[in-house]
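Below, subunit A partners subunit B and then partners subunit C, in two separate complexes.
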Partner chain A sequence: MKKRSLTWLLISVMAISMFLAGCGSKSTSSTAKDDTKSGSKKDTLVYGRGGDSTSLDPITTTEGETFKVTINIFENLVNYGKQDTTLHPGLAKSWEVSPDGLTYTFHLRQGVKFQDGTDFNADAVVFNFNRWMNGDEKQFPYYTMFGGFKKDPGHVIKEVKAVDQNTVQFILKRPMAPFLKNLAMSPFGIASPSAVKKWGDKFREHPVGTGPFKFVEWKQNDRIVLEKNPDYWQKGLPKLNKIIFRVIPENTARLNALANGEIDVMDGLNPSDEATVKANKNLQIIKRPSMNVGYLGFTVTRKPFDNKLVRQALSYAIDKKAIIKAFYGGQAIPAKNPMPPSIEGYNDAVQDYPYDLEKAKQLLAQAGYPNGFSMDLWAMPVARPYMPEGMKIAEVIQEDLSKIGVKAKIQSVDWATYLQKATKGDFDAYMLGWTGDNGDPDNFLYALLDKDSIGSNNYSRYDNPQVHDLLIKAQQEADQTKRNDLYKQAQQIIHDDAPWVPLVHSTPLLAASKDVVNYVPHPTGSEVLSEVEFK
Partner chain B sequence: MAELVKNTVEIPTLQTEEKTISPWKEAWQSFYKNRLALAGLIIVVFFIILAIIAPLAAPYSYDGQTLTDRLQPPSSKHWFGTDDFGRDIFSRVVYGARISLWVGFFSVLGSVIAGTLLGIIAGYYGRWVDTIISRVFDVMLAFPSILLAIAVVAILGPSLQNALIAIAVINIPNFGRLIRSRVLSVKQEEYIMAARAIGMKDSRILLHHILPNSISPVIVQATLAIASAIIEAAGLGFLGLGAQPPTPEWGKMLADSKQYLVQAPWTLFFPGIAIALTVLGFNLMGDGLRDVLDPKMKQ
Partner chain C sequence: MLTYTVRRIFSLIPVLIGMTLVVFAIIHAIPGNPAQVILGQRATKEAVRELTEQLGLNKPWIIQYFEYIKALLHGDLGISLRTRGPINEEIWPYLMATLELTIVAMLIAIIIGVNAGIISAWFNNSWFDYVAMVLALIGVSLPIFWLGLMEQWAFSIQLGWLPTTGREDVRDPVSAITNLYLLDTLMQGRIDQFWTVLQHLILPSLALATIPMAIIARMTRATMLEVMKSDFIRTARAKGLRMFWVVYKHSFKNAIIPVLTVIGLQTGLLLGGAILTETIFGWPGIGRYLYDAITYRDYPVIQSGILIIASLFVLINLIVDLLYVFIDPRIKYTK
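After this line comes the complex of A and B, so read on.
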């Protein structure tokens, strides 16, 4: 009898403690909010995001979480517009292009200093470009935007020279249409030569640039702290005193942290949580202009995906509209090309493969797989702006494919390994995506599907010489209408070859506390936070 | 001579067996009187039946997605509502019973067999065999069990099958130790010495005399272990290391739905309740069994 009453006592204690725990979290959250309100005007912004930066020297990586931070530390010769990829003066206040398109002359802004006190001048620009072009793919992967490295025949830049203290000249071997747009990409932020010499390989942990914020500390997988650069050349900026980038991997946990006032801004909001944010009067939604593509890729060197009919069959079997409705909350449009419609040269004449299971089965049978086959379907383990819930979308695709007899086994591994395996072509089929860096079709089609990009971003190992010719021709073509035409042809061929099933172009969602103002999200996925402030 | 000895030994065992039938009956009667234990038994039997008749009980298939009907609250059409793929949660919970019970029974069966074997060997032969086996058990018990399970799954790769193996492995030392300690005391009994004195083989002594006299605590422990195995399987599923989609494993269902906690609580509530109920059932039943089978608890 004694034992039984003890049991009941324990059960009731447990039940009560569960209720108390539930109440507890609510009460602490409200006190946390009171604290932040009672203080004077806030000047520290805490930015919550899903993953850590891999490096703080932006040229050493191609990964977006790095650029989110470094765009605030480093500046480029030319800048993008506030919410588009038009070109604006940056560290160069003006520039001239020779009529043959081979010489670019930049007039630099005067009186700009690096955060370590040294002067920014023409020599610093030359130093940076010489450092990059003498490296290799492993060291500076993004420098391939200029056609390889100094040792490669395809390298576009013949010479970078300082005409005088404030004038820099780039001499090219062949015209390159997206040259200026490339210069504005985050990886090509100008670093302090003295700091690069001082830190050597460790520069990736001790970045020094000319930007509005300077680096303070980096605790891996936890936080990166930046603080105001008091000597910033634009007077009155930045408005914030400090930015803390915090890593909170789980989307829902990050939203909870935002609701509790632990962070002020978060990216990677689940579209399904949009309503929750809207219902909370302390929070606001910020929509990032769309410039991305989320896709299902096939490794075309692996059986049975080396067969075009199989790839087309699978393209017919996937119901993109249902995916968008369920997992993007309508904040996306179905994709039919590898690049988004907001970019010039988009081929709207391409007819997407409709959702048609009969046609899919018929094509499979024609390809010699009347009863389907088994495959591995790899899904990324992390939320990406183009695909906030990759695993779930993989489950929908799995179900879609099962209807035509294709048995997909969903696999996943950590993000770094995932990209490595993708690069090596280890996947049958995989989910991935891309956010544009410079708003040029070259940055999608050439970067993702040209044979030159096999081993970097062409994970499908798609190799079509016809497409390659078109893309190289387009790079060298100065006339924008003719360029667009070449890209449109390439898109049609890619569509017929179907190395990917382009799934969506999404509008990534951010959420912020209501008192954050002037947060202007950029389509490239990273933005300078110098004008952000609190109400 | 041997025949004669055998006869003289067997007659008394027959007699004792006749007597031991009534203790079993008695045990059942006292189990029957223990209302909590009976409730546990009923819950367990209920879930077993549910698992067997799953295809009949479930109104929908467990993997049929209807994306237009996602996150519907419970209604007459979908008793437990639908999840984020528009799948019927009731059907998934029903099929999930199959998986959880299957993992529970077979992982425990595996650890009982392996644990008993190792425990008997360690306890009976002693010396260095005992030292090695016992130290290995100690090492395994030094790890938090879920961590060890994660390690095993990490080596084998995530799947339901491997989760089952992992759970079986981590529970081996529990049974091994239990059996070993029983064997240590049983082997001192006079009838074992007698058996040895007449030259009976070790294997016969172990299987026919020591094992039957050491097994009753294992039965109790096994019932309780099924409960913890179900929790561990759900835990591994929750971490993405157990059942893979679209398998309707309860822990996986929880993990898949955790982001809808506020928006659609029924997606978590029902699989959660299912886990809690089965575990409670096995625990109550195990406690009841202990009460009736353990001589020490009888007084």
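After this line comes the complex of A and C, so read on.
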């Protein structure tokens, strides 16, 4: 009996193998490409990316993969420009700032509805801000942009009130110039109060906003599906019917999927794959404007880096172009300021230190180090878009410095310890970078180089009272043009003091199928896809 | 047989207890305060204190352990720190995705591996034997990462036969019931979707199957060679039995035990160790769930994932042990 059952087992196993073999050949006739190329006009965009969102309630996270999705579901009171961080009307069609910079009055767009059919109005805005500022650190990273929560003394918003159905007023405790820019950040998208109440903690899986697309489905680590919002207030938009965000972790596999037509757009293209994409006549490259900076910093309280001439000498000795060519696949621009050009207030008049070894040696001699000196050079242990290969870039810098007699010893340590040591000012020279949060110069210059930031992100311990005055004045200045002037002055002083050698602003690459049009990438890393369509 | 089964199941209890102890210890193995590590640098003291309380880290460890076990027995795996969802709900689709991939991969590995091994032993030192064993050697040494990308390049981009990544055509997604898509599509009578799902399975399961296939083939060949030298095989052949039956029935049945052991071990490995395959083929499986958890330091998920994979390993071993008795009646565990 048992013998026979074994025989049957073997026979059935054989049969299954034949069946599977049959499937293999059968699948050759119906190709995967058929499905995508059929139909008259494509209206479903499949977006391939490396990681999944952690939440679809944007206020609960600081993570970019979330905002790529939520920016299509939620809208803000004010918006960034198409490819920069200038301010434009959003859900507020206009606004006024009182002369003392303490009262912001927003006039809301009328007739806008949330995707669940409820009305967008002043009460909804007040509801959202009350929800956020009464939260805590574990719930919402709100505090990082507005100085704490309602209960904290440092909280900048005194009151948010609905003047009438279409007017909202914010009263601040003290002037805060980046206030409007903060409001344009993805986390502060306005959610439907009734949906928030309905779903409670589960709102992160059931987002409802006023945006061009509404949420349909989220299958974790696999896909998020959004569908056209038929009642969207901007007539004629969105042009797509559906967006599917797919997770394909491996960059090369994602490119394979793009080449095979399974996805239409991908982010995170390896710079080395640029040539492959260019050689494929069905694909196109899309470049995202940079909003980061990678730099070599000096701790200006340590010898010999307390000497401005030494810092300038080293600035002359580093060949940024060679670094970009070798490690960024050409996908970066040399940096001359601590902030990238996509941010308004960027001082393009600053003249970068050219690569000039003679000048460098001359300055070193002038500073009293004609034969150079020895130093530690700390290399970033993790890869970031602004610093893809810290160790190797450090080696190139080491080589450059040796040409002017400076002997750099490369050091590294795990990332947490690295940041800790940097905060304490334990490094002679170190490599780091920064990606902007709100697209405001304050978020670069004040956060990274003001004396108030020593002990947090001013790892160089750079302390120039003149710069401090300018940055504080800029924080309180309501007129954007005047602010930009103040920041430009600060950049010039920082350039002359040379606490850093700004190295690069890297340009993230996307690739897309050729028939995708109107895809305009935003420097913040997330963009509304309402105008994207297929040819 | 029944008493053996019962005894065997009871003997699992100490193993399972040991497992929970190890998993429980993971969070205590973090140097410093785990709550601080989890929350990161910018966290305030209050937030750290709250999380410490929430994780129960301020209580004596023995009490923490019993609370952990109590929750486990209630099917509560805790809350993911990253997504804030209950882990026992979240983990299910991942587990099923991995299970489907593993089953198909192991089917391929067993069918091809066992047959290749048998035929190699049957026609020992023939060209087939040499080719099969060289291929097996290549199979165990191929890096999956490279193999997966090559498969995509050849079968998707060059030939256009198969899709590169994912489990289904996202433009026409499967509505999940069990999350085993082959089953779900059949249950819904969507034969067209069944084919697409099958197409999506072929490349990743082939990549995943190479190593176990090679190991199974080599193991089968080795034990078959040994068995085929035995006296009873000579007797069977002397009786005039057809060679096919001698090989597939008499010999293989006596050679199957070590092969079964290898199959069990390999299945266990695939269930937990498919991270590379899942990454290359964008397969939303348990390996990636765990990998993400590790990069985000999501300790409750890491604990649960390891616990589940280890339990599956134990379960598969149990099944294999029971199969021994079923297949080979000479193995008697009752005194």
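In the analysis below, the second predicted complex is superposed on the first by the 297 of 535 C-alpha atoms of A that agree within 3 Å, B and C clash if a C-alpha of one lies under 4 Å from a C-alpha of the other, contacts with A are read in each partner's own complex, and residues count from 1 in each chain.
Criterion: a residue touches a chain if its C-beta (ideal position, glycine included) is under 8 Å from a C-beta of that chain, and two chains touch if they have at least 3 such contacts.
Quick caveat, the model's predicted, so the values are computed rather than measured.
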| item | value |
| --- | --- |
| Contacts of A:Ile410 with subunit B and subunit C, given as first, second, both or neither | first |
| Residues of subunit A touched, compared between subunit B and subunit C (which is higher) | C |
| First, second, both or neither for A:Ser374, with subunit B first and subunit C second | neither |
| Touching partner for A:Glu395 - first (subunit B), second (subunit C), both, neither | first |
| First, second, both or neither for A:Ser272, with subunit B first and subunit C second | first |
| Which superposed partner A:Gln234 touches (first subunit B, second subunit C, both, neither) | neither |
| First, second, both or neither for A:Thr252, with subunit B first and subunit C second | both |
| First, second, both or neither for A:Asp201, with subunit B first and subunit C second | second |
| Subunit B versus subunit C as contact partner of A:Gln110, first or second or both or neither | neither |
| Doubly contacted residues of subunit A, that is, touched by subunit B and again by subunit C | 7, 252 |
| Subunit C contact footprint on subunit A (complex, rising order) | 2-3, 6-7, 10, 13-14, 16-17, 20, 23-24, 26-28, 30-33, 35-36, 44, 46, 51-52, 54-55, 60, 136-138, 144, 201, 204-205, 217, 219-223, 225, 244, 246-250, 252-254, 256-257, 259-260, 262, 416, 419 |
| For the subunit A and subunit B complex, residues of the former touching the latter | 4, 7, 251-252, 270, 272-273, 275-276, 319, 322-323, 325-326, 391-392, 394-396, 398-399, 402, 409-410, 412 |
| In the complex, subunit C residues that touch subunit A | 39, 41-44, 46-47, 50-51, 82-85, 90, 93-94, 107-108, 110-112, 115, 148-149, 152-153, 156-157, 159-167, 169-173, 176, 195-196, 198-199, 202, 248-249, 252-253, 279-282, 284, 288-289, 292, 296, 327, 329 |
| Parts of subunit B lying in touch with subunit A, wherever the complex brings them together | 36, 63-65, 67-68, 70, 84-86, 240, 244-246, 256, 258-263 |
